[in-house]
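Each chain gets a letter, A, B, C and D, in the order it is written, and its residues are counted from 1.
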Amino acid sequence: MAWTREQMAERAAQELRDGFYVNLGIGIPTLVANFIPEGMHVTLQSENGMLGMGPFPYEGEEDPDLINAGKQTITELPQTSYFSSADSFGMVRGGHIDLSILGAMQVAQNGDLANWMIPGKMVKGMGGAMDLVAGVKRVVVIMDHNARDGSPKLLKACDLPLTGQGVVDMIISDVGVFEIKEGRLTLIQLAPDVTVEDVKERTEADFTIAEGL
Amino acid sequence: MAWTREQMAERAAQELRDGFYVNLGIGIPTLVANFIPEGMHVTLQSENGMLGMGPFPYEGEEDPDLINAGKQTITELPQTSYFSSADSFGMVRGGHIDLSILGAMQVAQNGDLANWMIPGKMVKGMGGAMDLVAGVKRVVVIMDHNARDGSPKLLKACDLPLTGQGVVDMIISDVGVFEIKEGRLTLIQLAPDVTVEDVKERTEADFTIAEGL
Amino acid sequence: MQKVFTDAASALEGLLFDDMTIMAGGFGLCGIPENLIMALHDSGTTGITAISNNAGVDDWGLGLLLQTRQIKKMISSYVGENKEFERQYLSGELELEFNPQGTLAERCRAGGAGIPAFYTKTGVGTLVAEGKEHKDFNGETYIMETGLVADVSLVKAWKGDTEGNLIYRKTARNFNPMMATAGKVTVAEVEELVEPGVLDPDHIHTPGIFVQRIIVGQHEKRIEQRTTRPRPATADA
Amino acid sequence: MQKVFTDAASALEGLLFDDMTIMAGGFGLCGIPENLIMALHDSGTTGITAISNNAGVDDWGLGLLLQTRQIKKMISSYVGENKEFERQYLSGELELEFNPQGTLAERCRAGGAGIPAFYTKTGVGTLVAEGKEHKDFNGETYIMETGLVADVSLVKAWKGDTEGNLIYRKTARNFNPMMATAGKVTVAEVEELVEPGVLDPDHIHTPGIFVQRIIVGQHEKRIEQRTTRPRPATADA
């Protein structure tokens, strides 16, 4: 039985450590905030210029001057600080953020990531994604293992334009968890009732299988 | 009769314009602040991180957290803002300061300036001088026309290590005022009772003489 | 040296010309100089190269100038909320240069700080790196990015004083401080204009040296994604 | 993740080693981390490369570590107020790398912001440019300068909170914000330590992410040049 979006987010939350500064991308990664273990101090960065991002506001308390990188209204916390976009990406580029969790269209077995463009079709732009994957210490991708048409998203090589080269450290999909170390992909965990054979069938990338799976 | 320090500062003040942002160096340039024409709005920058520098404090009101680039205790004004050294020199390097008035050991006829080092003898450092002469829109030097031993300071070429190449726009010395335009030095004003011949005798640099002198 | 102008139109007078480069602060619709953009729209200036993280939405912010085809080229990191933009770009009517958001922010800062170019890891091995100088430092490859300046920068702040000192509020700060430094002329709109001495000099984000003209604006402040959570039931409810 | 330490010595515990690189904030004696410098002095660490705009005075600030010969090399812009420094340098006992002040500030910022190098006009045609890469942009020549990082950065702020957020006071800000970003570990000393939420998030100069350890210091705050003007005679004097 494959993981739900919530279960993927919950699994990603296991990558958090006390004292971490973390940037969460739009979509499923945002849900990770709901699974921060009790008593663990994690500070969320929003790359539009905020450290210490709080939950959504109560209705009627939305502040147009207080949004996250997904343009959603949010709130501040006691530890919050605000800064400019240049300072924000200085923080990102300078390697001060411990963990970035974000979505992907494609990931290659060497850690290449594509998540910003479909030539001739979609021109939204990369936003801060290229900066995040280049600068943040550890990059975890959460994505559906296959596209809507069933085609694999974990590939030998990405065919979409890249967001970053060799930048992904871990992939959490609905079927399991992969690690990329020194350019090699390893399946390290399976979702309940998912078999190695299932994963192989649904994956284009070459990967090794961790002991005990 | 050559100009005094005060008279040189007063002459330099004629280079100020309403709305100017100005950086004054240590020594005689500091005196220029006393000659800002009434009604003219000039804002002084101190490169250690302040815009809107006020006068020295009254005795007993010195604040160790409030000093100028000469490490002197100063005061703030209503328009004052503080910023980091990086932001301060961003302002300088980015060409936002209209005028820099500073001292010199030597100036060459092409605008080269030397004011930071005597090899093997004096090792104080350039501080912010190299940034100022490279970044500020217009650079005016105030200096004694000759060194204590009588040797000329306005030279064909500097023999001391340079602070900047071709950076000086005007020299105000005790004998008169020189302009440098497109790499050519011109005497444009004489101190009272000083003759062109006097100046020629005390100057190594080649210079032309403005009409009417 | 009067910096205060009565309205957006007069604050832009004499500054605008066709084929000029404009920077406009803001992230999404947050902290955008909405009054100045409207005045730029009304001015009819065309052929604009607009440097702005986003392109507004169809009927607000820079989207207004896309509707009227006043913009020739955008330099942005993300334009996902604008259908007209997507249409003009895909049909080849609009030039578009995508910059990674951090690179865009840093390019504006560099332009304002007299730094003609810098190196970054961001974008190495991607479309963004194509045609750019590559250089290795400590065994890693970086690309060179250049500083950006604008003929006119339009910024939005919360409070300002008559000397041009500015303070931004919360995440409405975003690109405004760097763009304020990178305009040959910078025009600011604020919600509240005060006399010098009212703003604490340690709290000023943009020193007045960067701001040549300033107005008080009327701010609609639209919200793009109104997200809320349920209010907890209270004991006395 | 406790950032607060009881004193300077314990805040430096486990961070120091011979031949390390240290950044120390401050301009002259203004805004220097005096407690942390004293603890570094007492630690006996030697072979230090010290990145600091100035070298203190003979008996205060980094001057203390020059007296004890703990510093192998200085990277500074101005060291004019220190006789022992001048002596050690002229006799060849001390290495010295002079950087223009703005270049030094920018190198620290670059180091903290992941920028390995940038170009500047400052120093072109001077000793400072020797051996550096030259490059032309728009017909002008610039030199390349590299980013700086430190094993440990020591900074001084006015107020701080237990999350490491810092606010500086007046011109005591100077090099502290950039150096806070450029330390692999940054230790801050503050005059007043408060709980999170006390500092206005729009007024914070250094976000807590850059500060790993923080202490409350005892600050002597020496003045180098005490300059005053006469008090005007008052009517009721």
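The criterion applied here is as follows: a residue touches a chain if its C-beta (ideal position, glycine included) is under 8 Å from a C-beta of that chain, and two chains touch if they have at least 3 such contacts.
In this text, all values refer to a predicted model and were calculated from it rather than measured experimentally.
**Student:** Name, by label, each chain that touches both members of the pair subunit B and subunit D.
**Tutor:** Neighbours common to subunit B and subunit D are C.
**Student:** Taking contacts as defined above, which has more of them, A-C or B-C?
**Tutor:** Higher contact count goes to A-C.
**Student:** If you average the CA atoms of subunit A and of subunit C, how many Å lie between those two points?
**Tutor:** Roughly 27 Å separates the two chain centres.
**Student:** Quick one: subunit A and subunit D, Cα centre-to-centre, how many Å?
**Tutor:** 36
**Student:** Take the average of all CA coordinates in subunit C, do the same for subunit D, and state the distance between these two points in whole angstrom.
**Tutor:** 32
**Student:** Which residues does subunit C have that touch at least 2 chains other than itself?
**Tutor:** Correct list: 106, 109, 113-115, 120-121, 168-170, 173, 201-202.
**Student:** What residues in subunit A touch two or more of the other chains?
**Tutor:** 76, 82-83, 89-90, 92-93, 135
**Student:** I'd like to see which chains touch which, written out pair by pair.
**Tutor:** Chain pairs that touch: A-C, A-D, B-C, B-D, C-D.
**Student:** Write out the stretch or stretches of subunit A touching subunit D in their complex.
**Tutor:** 18-19, 21, 41, 43, 45, 51-52, 76-83, 87, 89-97, 135
**Student:** Residues of subunit C touching subunit D in their complex?
**Tutor:** Where subunit C meets subunit D, its residues are 106, 110, 113-121, 135, 137-138, 140, 142, 146, 167-170, 173, 200-203.
**Student:** Any idea which subunit D residues touch subunit B in the complex?
**Tutor:** Residue positions touching the partner: 27-31, 53, 76-81, 86, 89-90, 96, 98, 100-106, 108-109, 120-128, 158, 168-178, 205, 221-231.
**Student:** Subunit A touches which residues of subunit D in the complex?
**Tutor:** 1, 109, 111-115, 161, 163, 165, 181, 195-197, 201-202, 204, 207-210
**Student:** Taking the complex as given, what residues does subunit A use to touch subunit C?
**Tutor:** 46-50, 55-59, 61-68, 70-74, 76, 82-86, 88-90, 92-93, 112, 117, 120, 123-131, 134-135, 161-166
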